[in-house]
Amino acid sequence: MSEATGSSARPVVGIVMGSDSDWPTMEAAADALAEHDVPHEVDVVSAHRTPAEMLEYGRTAADRGLRVLIAGAGGAAHLPGMLASVTPLPVVGVPVPLAHLDGMDSLLSIVQMPSGVPVATVSIGGARNAGLLAVRILAAGADDDAARLRERIVAFQEGLAETARAKGA
Amino acid sequence: MSEATGSSARPVVGIVMGSDSDWPTMEAAADALAEHDVPHEVDVVSAHRTPAEMLEYGRTAADRGLRVLIAGAGGAAHLPGMLASVTPLPVVGVPVPLAHLDGMDSLLSIVQMPSGVPVATVSIGGARNAGLLAVRILAAGADDDAARLRERIVAFQEGLAETARAKGA
Amino acid sequence: MSEATGSSARPVVGIVMGSDSDWPTMEAAADALAEHDVPHEVDVVSAHRTPAEMLEYGRTAADRGLRVLIAGAGGAAHLPGMLASVTPLPVVGVPVPLAHLDGMDSLLSIVQMPSGVPVATVSIGGARNAGLLAVRILAAGADDDAARLRERIVAFQEGLAETARAKGA
Amino acid sequence: MSEATGSSARPVVGIVMGSDSDWPTMEAAADALAEHDVPHEVDVVSAHRTPAEMLEYGRTAADRGLRVLIAGAGGAAHLPGMLASVTPLPVVGVPVPLAHLDGMDSLLSIVQMPSGVPVATVSIGGARNAGLLAVRILAAGADDDAARLRERIVAFQEGLAETARAKGA
Amino acid sequence: MSEATGSSARPVVGIVMGSDSDWPTMEAAADALAEHDVPHEVDVVSAHRTPAEMLEYGRTAADRGLRVLIAGAGGAAHLPGMLASVTPLPVVGVPVPLAHLDGMDSLLSIVQMPSGVPVATVSIGGARNAGLLAVRILAAGADDDAARLRERIVAFQEGLAETARAKGA
Amino acid sequence: MSEATGSSARPVVGIVMGSDSDWPTMEAAADALAEHDVPHEVDVVSAHRTPAEMLEYGRTAADRGLRVLIAGAGGAAHLPGMLASVTPLPVVGVPVPLAHLDGMDSLLSIVQMPSGVPVATVSIGGARNAGLLAVRILAAGADDDAARLRERIVAFQEGLAETARAKGA
Amino acid sequence: MSEATGSSARPVVGIVMGSDSDWPTMEAAADALAEHDVPHEVDVVSAHRTPAEMLEYGRTAADRGLRVLIAGAGGAAHLPGMLASVTPLPVVGVPVPLAHLDGMDSLLSIVQMPSGVPVATVSIGGARNAGLLAVRILAAGADDDAARLRERIVAFQEGLAETARAKGA
Amino acid sequence: MSEATGSSARPVVGIVMGSDSDWPTMEAAADALAEHDVPHEVDVVSAHRTPAEMLEYGRTAADRGLRVLIAGAGGAAHLPGMLASVTPLPVVGVPVPLAHLDGMDSLLSIVQMPSGVPVATVSIGGARNAGLLAVRILAAGADDDAARLRERIVAFQEGLAETARAKGA
């Protein structure tokens, strides 16, 4: 499941997960990026099964042109935090709910990071918001591309409002 | 407690909190930004006591040149999520622990946002990491300033490692 | 899903929810009001997708003749609290359970409001009780209509007792 | 600790608690009522130690002229719910935190009421908000007194905003 | 659902529940009593819908010859504790799990009783153990009947062991 | 800390705990028994440090004339359940809160017993109620002593009511 | 369900569970041992139904040649801890999730052991990891067999990595 | 804080922690090893601040003669699990409680490991038991040293019993 999607352009967001069983949850992050035409790549990189490759992925991410990482994991979810420890990029963590505890273990394992190594955590199973957060981060830049992306977010938010209004009308 | 700090430059990060009683927790966010010479402003903006000003703060944040918002709140903590609903900027949420429940209510009120409106949540009381996450977000830009900031983060991470090594030596 | 129900009279209770997916939960509030012939309106008003309209709804509620608001929301549930911040009316909050955490996040996000801005919270998924609470509130008035409604509640309570007695007989 | 306070007028709000050890928590409810010149009475009425008097208190409350009850209790907190079962008045429940569990037991014992018997629950230890909610309920009436009280609430809310603005200025 | 079962003898254990929807859970208590030939009665007695009858049930229980009460309830489960407040008999509480929170609210509402009014709480949904506990309580008496019942419990325990041994053989 | 107290009569209640550090919590059980003139013994019997003696204590308890056991333990609290597995006597379990988790681990380890082996669980730290529950159990007997003890409980309950009334007066 | 599996060699790991209903969960422990050719036995030994046999099992385990025990149990799960109290062998505890609380009660009952009596706890339902942990423990020995087993673990870990790489390729 | 203690012999247990602030908790592990004359080393190795050194520590641990690792960490505690992913040695995890959540986040982050990578988790703050578990693991070997150590554990357990008996006498 290693793929570059969104466009033929060089990926700027890397979506990684600990297991391909996380894909049904994480796919929504890729969708959100695609909706905003943000080129991204998707990979399975396990903190616990391939720790060396995982660190290597994190260490080289910025140099390969990635600007945001999105990492999903469940249970004792170490992937987002370990990536954050080896990259200067912002890392968005998605707590994937497993068979027990409804994702509370995943959430705490991701969000309760020690001082010095932040992970931008979204809701349990909230991969779509992880994608949208990555878009906001890219849109926070100082250049014209960021400004254009920021305008797209404003339009997207207006779309949310329109949909809500239609339901409430 | 409205102040612009970090340098005389125009603030690019806005730190807001629901009450000035949150300042002892939130101050660490400002410190982290100052350590990285990121100009920022600090304000008390209450979702529940001044809702109109709160929305106005969020709506105008991008146009005033802010690029990241950091919002801290406790209990039924609505400030980060409400700001995220009116700005295209990335919003970092800090769950402030109150007298009961050890911040679990604050955490869930901030992180469990509905699809479409992400908040980048850090740990309970983790204001320093909120500041560092804002730095990473600014460093994710495509321009030279961002690249320079990214180098500073790498240096900061190496400093963390050096300190840890010294303790372990 | 904007409708005025209960009778042709001007609505005195406004039922709002963050998403039309909350309706299966919230419908029981409308039913309870209808059983007591309390005119009410139902609307989708999202704190996060249409924040300006949401505040406008709250701000104008009293002047439009509404006397109680019932607001249901799930996850980081901000709707009841935000409405309470802009209206002098009593706001009844219904924690809607979502796919994870069994409504505990919804409950804490609604009930743990800061001092100054109360929300009258009912049980997780307890929309019927929200409707009945609104009836009690209307029946707490000093006028004859309130007294009559209070008598209806006493009769309703006796009906509950009768049903329970029939089961226990 | 049976007293009528707020003014010499007949009490319209009854504040009750299971034990006088709850008074340090519950006093804030009385203060909030006094600030709005709402006549109220305060009593210790234990669901578990004086169950008959407790039910009698609830049964006669409306006829004695009370229009709202505020009940605080901790642990297996049965007072608010039991009162709600014998009165048509709205009952506001205050979860009082005890030595263990940080009030989570009190909260669940009060808020998770069965269908048919609502309790308007406020935050753990949130007695001040219980008082303010009672004021809102009284202000929801259809008569002139209620309208005047509603205006006072609006003024009170503006005062909250002013205080917050002063801190943020 | 008012019935005397176990034998034609006068009931010595009263099983009560807040709603007949609790019967599928509570039936196991009756079965355990029947297995030990303990005469018992079953009734629906709601703390919240028929509070007066509920207290009356508790007040007269000892005089009617009952020696142990078993009470099951869910959510804000007040029935066991309220009965315990008006009877000198030991009250066994069964937390009935409802649609949300997996019975944790029921458990805390029953077990966290204030000093002076004990409830003998068993596991969530543990009605069979409630019945067995009632048998042990009856067998704790000083007379010959109690001694005989104690021997039956010892035999029952040996039966449990035999079954477990058979599975492990 | 092996002692027989309450009177010179043969003990009928055995109070045991896993460690003498539990005594400050468990002492209240002894006090409640002494107030009702119930002869009792106190011992430290550890499920984990002296498992053989612990089982021996349980196995011989009934034959030594004990009629109720009260067992307190904290954390992974196995003492009450293990005793219940080797005695036909009713066992009252007291969850002792330790340094972390506020007694929730103790509570669940004691109350969630499997079918067949009940433990009568009281509140976290609720040793006084454990003692009072033992009195109720002894008072549930069919003989005259039990009837007299039942009258004492009724008087005790009236005393609770008087005290509460005095506070509420 | 008493069986010796893995090979015809004398068992070195004993897998025990409180009930044969735990077998669907615990089977994965046996599978993991079999994959590493570790001879093991499986038995149902109930802490609560056959406490004497349970202690006997633990007391004789080391002399019978067992070197690691794996014990699974649910709810108030006492089996792992009780075994650990009577054997010098390392005991691996598997929290088996039951119908309520999602295994949190099982986890706390197993992991929160008092000082002096450790249980090596794995995840809720994590029987496969319990088997793998037993393999690691056997491979921690100082002899050649242990060294060979350690090499097998390294190969197993490389297999995990290969599988993960294949999915990520 | 890198030291080899216990004796002049080559360390066979490695105690590591994420921060020297964990030492007050973790010291008890070293003490338990010293009491059993098990040579051990102590180091600060941070999963998040020195991830490369951390993995290197784990990868080389077996070859350096270590036979068991003990790792303590708090919050989003990744150290034990990450070490377990790169060593074939058994890893004992100690959840260190931090300022909030009482160690529940630490516990879940350590114990809820995915299939394939076990961590032997002890209680919150249970470093002494981690040391004792390491001793048991070393005593599970097939050689004479292990047998001798096993005898010491039996003697240690008898000591625990003696102490408990003394308290209960």
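Lettered A, B, C, D, E, F, G and H in written order, each chain numbered from 1.
As a working rule, contacts are C-beta pairs under 8 Å (C-beta built on N, C-alpha and C of every residue); 3 or more make two chains touch, one makes a residue touch a chain.
Nothing here was measured: the structure is a model prediction, and the numbers come from that model.
Under the touch definition stated at the top, subunit A and subunit G share these contacting partners: H.
Common neighbours of subunit B and subunit E, by the contact definition above: C, D. Annotation: 37 Å between the Cα-based centres of subunit B and subunit D.
Averaging Cα coordinates per chain places subunit C and subunit H 54 Å apart.
Multi-chain contact residues of subunit B, defined as those touching 2 or more other chains: 19, 49, 75-76, 85, 101-102, 104, 111-113, 116-117, 119, 123-124, 157, 160. Pairwise chain contacts in this structure: A-B, A-C, A-G, A-H, B-C, B-D, B-H, C-D, C-E, D-E, D-F, E-F, E-G, F-G, F-H, G-H. Within the complex, the subunit G residues that touch subunit A are 97, 102-104, 123-125, 157, 160-161, 163-165, 167-169.
Touching subunit B in their complex are the following residues of subunit A: 62, 67-68, 85, 88-90, 92, 107, 111-113, 115-124, 126, 128-130, 132-133, 136-143, 145-146, 150-151, 153-154, 157, 160. Of all the residues in subunit B, the ones that touch subunit D in their complex are 1-2, 19-20, 43-46, 49-50, 53, 75-76, 99-102. Residue ranges of subunit C in contact with subunit B, taken from their complex: 18-19, 47-49, 51-52, 55, 74-78, 81-82, 84-86, 98, 101, 104-105, 108-114, 116-117, 119.
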